[in-house]
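Chain lettering (A, B, C, D and E) follows the sequence in which the chains are written, and residue indices restart at 1 in each chain.
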């Protein structure tokens, strides 16, 4: 091919990549715009302070109440419950796979984790209704197992594969030379794991946990199906809770468009968005703090 | 003395890790056992090849299967070219300044944005804004948007793994930037990109929240589909059968069957990803 | 003697880090020039600036004039792909493409519309003393070769293009003495047709292959001159200490 | 042919299963008939009409004044079809010693003023309310009829079916569902009980599953089920509406536990 | 002279690949022994077997007896961590931890419950001729050091533990001549207290530092003996060709 043609193709593709790239970014940027725009419409009707601190969510009452606090607390409760289960299990499993499992075991475990990750959330939610819910009700002698604990267990199952794979990758990516160096000065496998491997993999592990948190906060179907959806301030893990995502999923179906209630759901989405953003930014911050040790 | 104590701690440490791994496996076993044992009872050729009948208490799930397949195809058609091009742009062309760093961080964050928010966006943009109505097209594009950040990040990671020395090798023999990308960078990162794409699609196929308001229907009486019509989808079908249907006990077996088929579909996609990664890795070494 | 390649008042910095400071150097046609100096002094950086490899680093700032036969390498009219075709490069770390051995050689030829038949490939591999070892495995992925073989493949790849200049960044660092010797022979052989610049840590190697030697220290050129003179009658004390304070 | 054009029907969850059965039967008569049916609630159906996302809206309530105004503003003409009568049933667990309830007590229970069954029955159990989400048509119907605000402790289930599931398993539960959901579900009847409603403490107790009473409009929580149709879509929808009114359609409606229009 | 470390009938294979074949070798106390041989002959493999680094490779098979002062290194009662504490290792590629320079030194000390104050760190760094260059940056991540500095840090890290034996796998391969000379001085200095085994590609280095030299070829020991004797009066022709067929 002539040099001229080659150079024009080069320039041409440069613009193709650039334009598609920018278009995608524009679309994704529009999400934020849409959230903010609709939220502003909402805050023209309801004061932000009443929204954030209000203790009651009842948009269809005679005097509509748009207090989001119970929803935020519910989401937090379920997420923290899920993380309490998923973080130790996840890191433990990741370390086991990366450092202890024989290659054969590893080849069996990795697909298992990936299979777990592949199971759609609606299936997990379904099992929450038919297995975990009744199980909790039986064990704790409750009338009904649709509560925060149910949601937390299911979300833990959903967050686990993310945490395990990302953390395992990070642990695995720690150069063998680090380990050799540590063994070389007489450290045991456990010491090496805790003091060298996990710190060296920390960015990845924190990223893993953050991805897990993000997934738990934003998960919709599972909590929608499994937590009972009572818009109350939750009283504990056995209380029915209505998370932010479930609220949107339930109510968006039936609200007339362009009403205060409709905008309120977008406002919830905005809060949700910023919660996940916060989790991600925190993760990013820690990643950068650790990453400078890896700069070559 | 110290020796024995050491050995015991070793066993305890090892046991802790083994226990957590065991629990994770146990979760999967429970899930699969429940779905397979109860779902297998209703699975048959008819179940897969017949439309729902008698108010969905009988018959099969052909309509939602068709819907899910079409939806996933549409998602792929939109998300793959745009996602890969965007990744190439960011990784190979955009200069590394605060602007691109912000963009990259935003994309990472977008992959953490809850899927229901994509549903809202799809409703606002595709259904209402662009007047696609609640339809296969609107839902496919919504899922496509949802998939984009994943595809971009996995593709970018795959591109990033290609050492600069590989690019230098091509440039040093006089290749243009595009040729370098086409001949060296993309082929070497293909396994990573493809794996990411297939995994993302399997995720999209199982999503429910983004299609809640953008086009999934409770029931369709025809199996022919078009992009501007509503559709049935496996995950939505399962959700409806397990929470909305009138005779919840009568449809429970169908719900299990649907769950089994859905899980089967995503497992097949995952196997495909696994296979791609495996063959490419083999070729690379 | 004709000057083939030169740098005038060259300064290079990465971000806030000045790596090369006011470098003036020239390389004569059909000669081998060795760049020596302690690790980190900027040898690779200098070498890479000639075939514009720093274009890849966003934070690299380059000032000064680099010329190839009077062509301004960084001129606005200059096509970088052509520059790189004329100036071949063998990198410090071997970097074969993840393709077959055969395709590794032909890639650059195809791109540049040059003949890329089997005989061309064979010739290039023979020049790099690799032919005998790989002639039966031409379709094997190049990444399966040993480190030393990969490095020779990279030399073959550069040579195949018949560049005017070959820049070599420690081409023997991964090789055993016997292969090293072969590469050195090759260099001496190639200089009849090409202009060669070689970075090396090995004083003996510099003395064996180079007509001229340039000693760099902390981003500056401390001394340059005919190899024998620089090694045996260095003008600077620094040079003397570097070339003598050691081996044989 | 006009029938092959796709029809979108959306709206009340109460009616969605009925609509599916009707559509299925009609497809047998006219294989070209093409319809997509979704639930989501009466409000969704009506707003979908407004937004052009539906041809038919199923609704378990009449249009509000506000909605009528919106249709006028947008210059959208619609036609109203009343195709069945529904009764909302209040259900409790089979073992709860309670057969009938008057409106005042019911209101106190649902608004959370009464918190324990011991205040009206012989068992000492906390009252658990299984309700619908706040934007459901049934939810607002019950709320309006009783003129109360629901207790914030009420669980919000996403559908009638979940309420039945909840009450089935919960000795202390009370919930409300379309009568059709329970009347013909033999499984449900094993575990739950439908309360008879008295308008006053002294009044007569009426069951929502008594066709005679419904026909005479004696049951307090009974309401017509509407279908609103875009006038512009009437032509393609008309055959289906005709079918609903025909013999097969009417039998399907009855078989579903709803009542025919007098 | 007392034998400190020895291997008897040592065979090592990775999967189906036999890498070391019936090795019998011993290292005397307070001596420096050099291992030389062409690339891939098994020098690193032999060295690593002494501090049981192959435990990490699942497919490594080891047979034979390795002894440290009569202790069977692979005995069932032998604790691998203790072996490694007593036998320090400096790897072919510098491998500092992704921690600060300071923590790199103290890590092993803490692990082994040894004093790890500032003076210990300073001493170790001084012994490795690194102190002056890093004394103001002790909290800097070690990964930011130059290659040569990293290698010296690794030596400091090994020395800090006061092992009985130090195994060095080409410790100077990334160093400039001046640093190399320093490390060589260090080795000669250290041998008063330690037993040292060093792998090197550099014949001059072997002659400068080693009391005894072992020549390996294709997984076998071809010849061993006092350094001067091996270099100047080799018994085997192979040895002669290897030590002579090259650099000045």
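What we mean here is this: contacts are C-beta pairs under 8 Å (C-beta built on N, C-alpha and C of every residue); 3 or more make two chains touch, one makes a residue touch a chain.
Chain by chain, the UniProt names read as follows: A = Phosphate transport system permease protein; B = Phosphate transport system permease protein PstA; C, E = Phosphate ABC transporter ATP-binding protein PstB.
These numbers were taken from a predicted model, which means no experiment stands behind them.
Between chain A and chain B, the least number of touch steps comes to 1.
Number of steps on the shortest path from chain A to chain E, with steps defined by chain touch: 1.
Most remote from chain C, judged by the distance between CA-atom centroids, is D.
Top-ranked chain pair, ordered by C-beta pairs in contact, is A-B. One copy, chain C, sits rotated relative to the other, chain E; on C-alpha atoms the angle is 175 degrees to the nearest 5.
The mean-CA centres of chain C and chain E are about 33 angstrom from one another, to the nearest whole unit. Note on chain placement: the centre of chain D and the centre of chain E lie 83 Å apart, centres being C-alpha means. Put simply, the C-alpha centre of chain B and that of chain D have 37 angstrom between them. Rounded to a whole number, the gap between the C-alpha centres of chain B and chain E is 50 angstrom. Residue positions 39, 51, 157-158, 165 of chain D are each in touch with at least two other chains. Within chain B, the positions touching two or more other chains are listed as 6, 128, 176, 179, 243. Multi-chain contact residues of chain E (touching two or more other chains) are absent. Taken together, the chain A residues at the contact with chain D in this complex read 56, 58-62, 129, 134, 137, 143-144, 146, 224-225, 228-232, 240, 242, 250-251, 253-257, 261. Per the touch definition, chain A reaches chain B in the complex via residues 6-7, 9-10, 13-14, 16-18, 20-25, 27-31, 34-35, 38, 88-90, 92-93, 95-97, 100-101, 109, 111-116, 118-127, 129-131, 157, 160, 164, 188-190, 210-211, 214-215, 217-221, 225, 245, 248-249, 252-253, 257, 265-266, 269, 272-273, 276-277, 279-281, 284.
Chain D contributes residues 39-44, 46-47, 50-51, 67, 70, 128, 133-137, 139-140, 149, 152-158, 165-166, 169-173 to its touches with chain A in the complex. Residues of chain C touching chain A in their complex: 79, 81-82, 111, 113. Across the complex, chain D is touched by residues 53-56, 127-128, 133-134, 216-222, 226, 229-231, 240, 243-250 of chain B.
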